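Look for chain A in each of the two complexes below; its partner is chain B in the first and chain C in the second.
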Partner chain A sequence: MSPWREGIARLRRYPSAVAGLAIIAALIATAVYTVIAIPYPQAQELWRGGERWQELPVNAGPVWADRLLGGDAPRTLTASSAAAETVEEAAYDGVRLNRTVLAVDYPYTEFPSEVTLFLEADFEQRRPFVRMRWRTPDGEVIPLGARRVGEQGRVSISQDRGLESRLGRAPQVGLFAEPGPAGTEERPEARPGRYELILETVHFERTSQLAAELVVYGQVHGLLGTDHERRDLAVALLWGTPVALAFGLLAAVGTTVTTLVIAAAGVWYGGWVDALIQRLTEINMILPLLPILVMVGTLYSTSIWLMLGVVVVLGIFSAGIKMYRAMLLPLREAGYIEAARAYGASNPRIILRYMVPRILPVLLPTFVTLIPTYVFLEASLAVLGLGDPVLPTWGKVLHDAQAQSALYHGHYYWVLEPAALLMLTGLGFAMLGFALDRVFNPRLRSV
Partner chain B sequence: MSPRPAQAAAPGEPLLAARDLQTHFELRRWGFLRTGSVRAVDGVDLTLDAGEAAAVVGESGCGKSSLARTLLGLHRPTGGEARFEGQPLARLRGAALKAYRARVGYVQQDPYGALPPFMDVRRALEEPLIVHGVAPRAERERRIEAALEEVGLAPAGEVWGKYPHQLSGGQQQRVVIARALILRPRMILADEPVSMLDASVRVEILELLRRIQREHRLALLYITHDLSTVRHYTDRVLVMYGGRIVEQAPVEALLERPQHPYAEALLAALADPDPANARRERPVPGGEPPSLAAPPPGCRFHPRCPYAMAGTCDVYDPPALGVGEGHTAACWLRA
Partner chain C sequence: MRALLSGSALRDLGRLGLFTAKRLGALLVTVLIGVYLTIVIANMGGKVDELRMVQIRSEVAEQVRADPAFQDLSAEERQRLMERQVQLEVERLRLDEPFFWRSLDYLRQAMLLDLGRAEQMHSDAGSRQVYNIIAERLPATLVLFGTGNLLVFFVSVYAALGLSRRYGSALDRAVIGLAPSSAAPGWFYGIFLILLLAFIAPLFPSGGMVAAPPPESAWAYAASLARHMALPLAAIFISQIFISIYSWRTFFLIHSSEDYVEMARAKGLPERLIERRYILRPSLSPIVTSFLLMLIGLWSGAIILEQVFNWPGLGTLLFEAIGQRDTPVIIGSVVIFAYLLAATVFLLDILYAILDPRVRLDRERS
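Presenting the complex of A and B:
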């Protein structure tokens, strides 16, 4: 049995290794699923925001968290004219009067966060005219005004100042409140029941059409909630997984492998090569990584791949070289390397085939625990405002949350979700790394 | 394995010939100031014919391992000359050096250290073949199998996938010997091949080396500190002391009539099978082996020599003097 397979067999006896592997496997599965389900260009497009998110509430927490805490916060409800019946009431002289009722069955006792009516008219010359009325389950009818409708119209009912002053409170509260004098209750409650928005449209052309959609925004959304731009956090948190794993893995591989090979070359050739490598390392060790990254990000570009490149380049002559050198030095005198020279193996072959593989098992734990370090580095950069401009990452979610004072406003989910994912990643790799250390690091084996 | 046809060297010319070979290691301070040198090999003359087995005997620190490494091309000689098949080793470069390395097999002292711990037997034996561009894979596997069979590790399938730590010391050394043979060399350099093995295995390994050497008409240079392992396994003995060869003779002649006081002392120190002699006083010379950084003037052995003649041995360096058929000794007593 090879030392590798033996090690892996031993690894199975450590519960922490199994748990760590399970976490890593789950993360990888998520990453693979995400990349397939939401291709890279689509993810960028989604995260750019805009109209595609207009039917999602702003800063809505996850549904399950609210229900878990015993809440009954409303979800978003919609009613579309496509599903409702439109009755033509009268037609004369080319003018038609249509009546559409958009009904919403509202089961909650808490109020919605917003109420908006989206209108889309199809006409040639003359814009249709629409009058809106609101009917509560008790039959009370509240006029919401009237307006001409352009090709795209949007009536923010909850932003209507006039309505607010008529109702004596915010429209999304007033329209759903229990009947009674405004402002007398300590804590107003919504009245569950069937609410109707009655649209009376006057068309001035024979063929003009009006499509309408009423959106009663909830206070909670989906599994992960939304941010201040109504974007579903699932997009960022899902896409953050492959980005974080790729960044951590590539940075760890890039720095470990180059560092190891350079250290081995220094040890093998010795003399001025070794001296040069050691001096370069010492110079590089006093260069501060984070300020350099901030500088590159500010002056040049904050593309995640550029950051990765800078991290790897600065990581080549890192302190690791000193450690690897100490581990490799005794190998220079090893009998099997002398034998390899005696049968004519070239210098690169000795470095890559005889020196590097000898210490790889010892390095594996370090390597595994290094991965989350780089994941955290990427997140730190994003929090500092140096995140990739187009790619959604966990760090960028944290950055947005911080910029919008999420914790101050009580949007805990916004900070806790990316933080939990970061911690989970760190935990998974750390648990595996520590177990690997026990298995492959001979000095710890007897402990 | 089919023996390689004898070639190249002119008839009568030895396979390996060294004249006044020197390997000095410079001692430096601060990386550039030369403060002296260690004369590990300091004027060695030796010849080795094709198909001949010779032993180099000497105590530790006498420079015998440095001699082996110099002959392997791992150290560049700093003076003198060594020729293999008529070609001077010091001038071999690139492809010619690589070709030389295929023609010399190397068996080391510590078999466990000599095998890469992360390679299985198959891989360890395949390495030299890959380095020397033996293709295709099937040919390599055939040669690995043949080599394993030759060193008595048949069937090859049993050790094929094993790692060094799963083999016994004897098996490991057999694998090392197989690796030394796999490029079909003309000469084997064995540096203390049995000193780290159990006594029970030593004879087996030495007999294996002798058999292989005879079957393939290989030259064998067997380096050892133990004169007792020389008799049945070599034809000729070279006694090394202080970086030089002080006596060389056919094995029987040396064991019966040693001519150099150092060879005599080595022989006297051998375990005597006769229990009656177990408690007898032996004239073992006291003192330390000479420092190779500052060797004594004159004969290197004179500080320890019971017969040292003041005014001669401590002033003049003795040349190798003929004392019999193929028998020379570097000692003023024989002048």
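Presenting the complex of A and C:
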């Protein structure tokens, strides 16, 4: 049996290796799914943020976490005029009166985080005029003011200072609270039921139209929640997976393979080549990796591919060369290499086909445990604010959370989700690596 | 007989001297190249100068415009004044010379440990000397990482010795199982610790080095420092302890399965003696190596851990310096790091020769 197959057979007996492999398989499946479901340009576009996220709440936690803790935090509810009935009332002399009722069935006892009305008017010259009223399930009617509507209008009902002073509390609380004087209860509860926003529109043109959408923002959203720019964290956390895996894998491959080949070349050629490689390794030891990466990030560009390049270049002459050299030195005199030389194999052929493959099994564990190191390195750079400018990554989510003092404000999910994914990746590869180490490292086999 | 002995001893000494000189020379060249590379990178190969020129121009223009004394000068005169001021500043920073010559000059100053003055930054006491800026931050880094790394080192070596004595036990297997947790760096655990012990259960402060304002009495100061140090220290400890125990344990196990150890056991020597004389003595040089390298590692601090805990150490300093493109401070910290590392490598070479007789023999053959 070849050493590889034997090794894999032995690996099955380590539960940690099996668990590690399962985690890695799950991560790879997620990465593949993400790349197919949200193509790269679309992911960038989504993460740039802006209007497309305007119907999601700010800093909403995941739904399941709230329900697990016994909460009843509201999800986002919307009511659109397209689905509601519009009644046209008495019309006279080019003026039309429309009445639309946007109704939401509010089942929660906690309050929404915001209430906003999006308006979109279609007119030629004269802007329509709209009057808004709020009707609670008890039938109480609260006027919300009136305004002319431009092509695009946005009424932030929950930020209406006048309304706030009239209600005696924040509008999103006051509009949904049990009737009664404000401030009597310790912790007011929302009253479930059917709430209506009554829009009375005056159109001054025969053909002008008004589309309205009421958004009652919740406090929780989806599986993973949202960030301070209303972006769905799922985009970043999903896309972080292929980015992290690719970065970790490419950096690990880049550094170990080049290091190994260079070490083998040094051993094979000997003499000044070997000496030069040794000196370069010592110089490289003096250069501190992270400060140089930070310098490159601040002074040049924070593109993830540039960072990857720098990591690989600085990793080529890493301390590993000394270790590989010690392993390769005895091979130089081995009989099968003598034989290869006798049949006329070229130098590169001997290095690449005879020397390098021989110590690959010993290298495999190092390689696997290196991957999470680089995944965390990428996250570290992002936490320092040197993440890739356009790509969503786990580190950037952590950075945003840190920058917005997520822990201080109690948005724990914002930190815990990317952290859990990072930890999972780290554990998966490390568990596999440690098991591989015991399988493929002959010195450890008896231990 | 005696003459012969002293002759060979002399030859040995001569060889050692030659070896030392060669090694010192090689290390010096290494430091030289490493520092020069850092200088080039920190100056972006000279591109930082262009940024500096723009900055000087806008600063001078701002100064001249804001100064009421220059209000009644004509536009032309003011322009000339600005030009002259820019010229003065350029000459002060010697930006009119080509970058290559200046970089050689920076290199000479750096190698002579003449760290010079910072461009933007200053120490909290107000000094612009790079030396003072670094000296002010050094104690913060040393007290945190010194405590942390020494703790990790001694706890792990001691625990590893204990585990290697009864490997295969439940405790041993638990440590092996926990070793992969070290895949995550210290700052990562720091975030969790801050979340748990500073926000959910507010037992410790979430950042900083002492309470503000700093307590007056030395005892209160030390107590406040200890409270602030607890979380970062725990983060360092958690992230390193298991992998450290694991690798030392493996190391001791490999050494304790050597034939001469078996032989000593067969002779019936007491376990303690075997441990001291047959396991620890031959494995002393790797232990010393990793101890010294760990001490050197202290110097650079850890940029991110210090950032996460808002710790005013060298890592934070370096990060700030890079952000402000204050090259003298960047180069200063790298130079000191390079020198310390080179000195350690040199010390290790000598120590190996003393601790490990095989190394000496090897050299004579080569």
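The criterion applied here is as follows: the second predicted complex is superposed on the first by the 447 of 447 C-alpha atoms of A that agree within 3 Å, B and C clash if a C-alpha of one lies under 4 Å from a C-alpha of the other, contacts with A are read in each partner's own complex, and residues count from 1 in each chain.
The working rule: contacts are C-beta pairs under 8 Å (C-beta built on N, C-alpha and C of every residue); 3 or more make two chains touch, one makes a residue touch a chain.
All figures in this text were calculated on a predicted structure; none of them were measured in a lab.
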| item | value |
| --- | --- |
| First, second, both or neither for A:R341, with chain B first and chain C second | first |
| Contact breadth on chain A, by residue count: chain C or chain B | C |
| First, second, both or neither for A:I28, with chain B first and chain C second | neither |
| Partner chain(s) touched by A:M285 [first = chain B, second = chain C, both, neither] | second |
| First (chain B), second (chain C), both or neither touched by A:V18 | neither |
| Touched partner set for A:A246, first chain B, second chain C, both or neither | neither |
| Partner chain in contact with A:V261 - chain B first, chain C second, else both or neither | neither |
| Touched partner set for A:R349, first chain B, second chain C, both or neither | first |
| Touching both chain C and chain B, counted on chain A across the two superposed complexes | none |
| Sites on chain B touched by chain A in the complex | 69, 72-74, 97-98, 101-102, 104, 106, 108-110, 113-118, 120, 127-128, 131-132, 163, 176, 179, 183 |
| In the complex, chain C residues that touch chain A | 26-27, 29-31, 33-35, 37-38, 41-42, 44, 47-48, 167, 176-177, 179-185, 187-188, 191-192, 194-195, 198-199, 206, 250, 253-254, 257, 300, 303-304, 307-308, 318-319, 322-323, 325, 330, 333-334, 337-338, 341-342, 345 |
| Sites on chain A touched by chain C in the complex | 16, 20, 279, 282-283, 285-288, 290-292, 294-296, 298-300, 369, 372-373, 376, 379-380, 383-384, 398, 402, 407-408, 410, 412, 415-416, 419, 422-423, 426-427, 429-431, 433-434, 443-444, 446-447 |
| Chain A residues within the chain B interface of the complex | 1-3, 334-336, 338-346, 349, 353-354, 357-358, 361 |
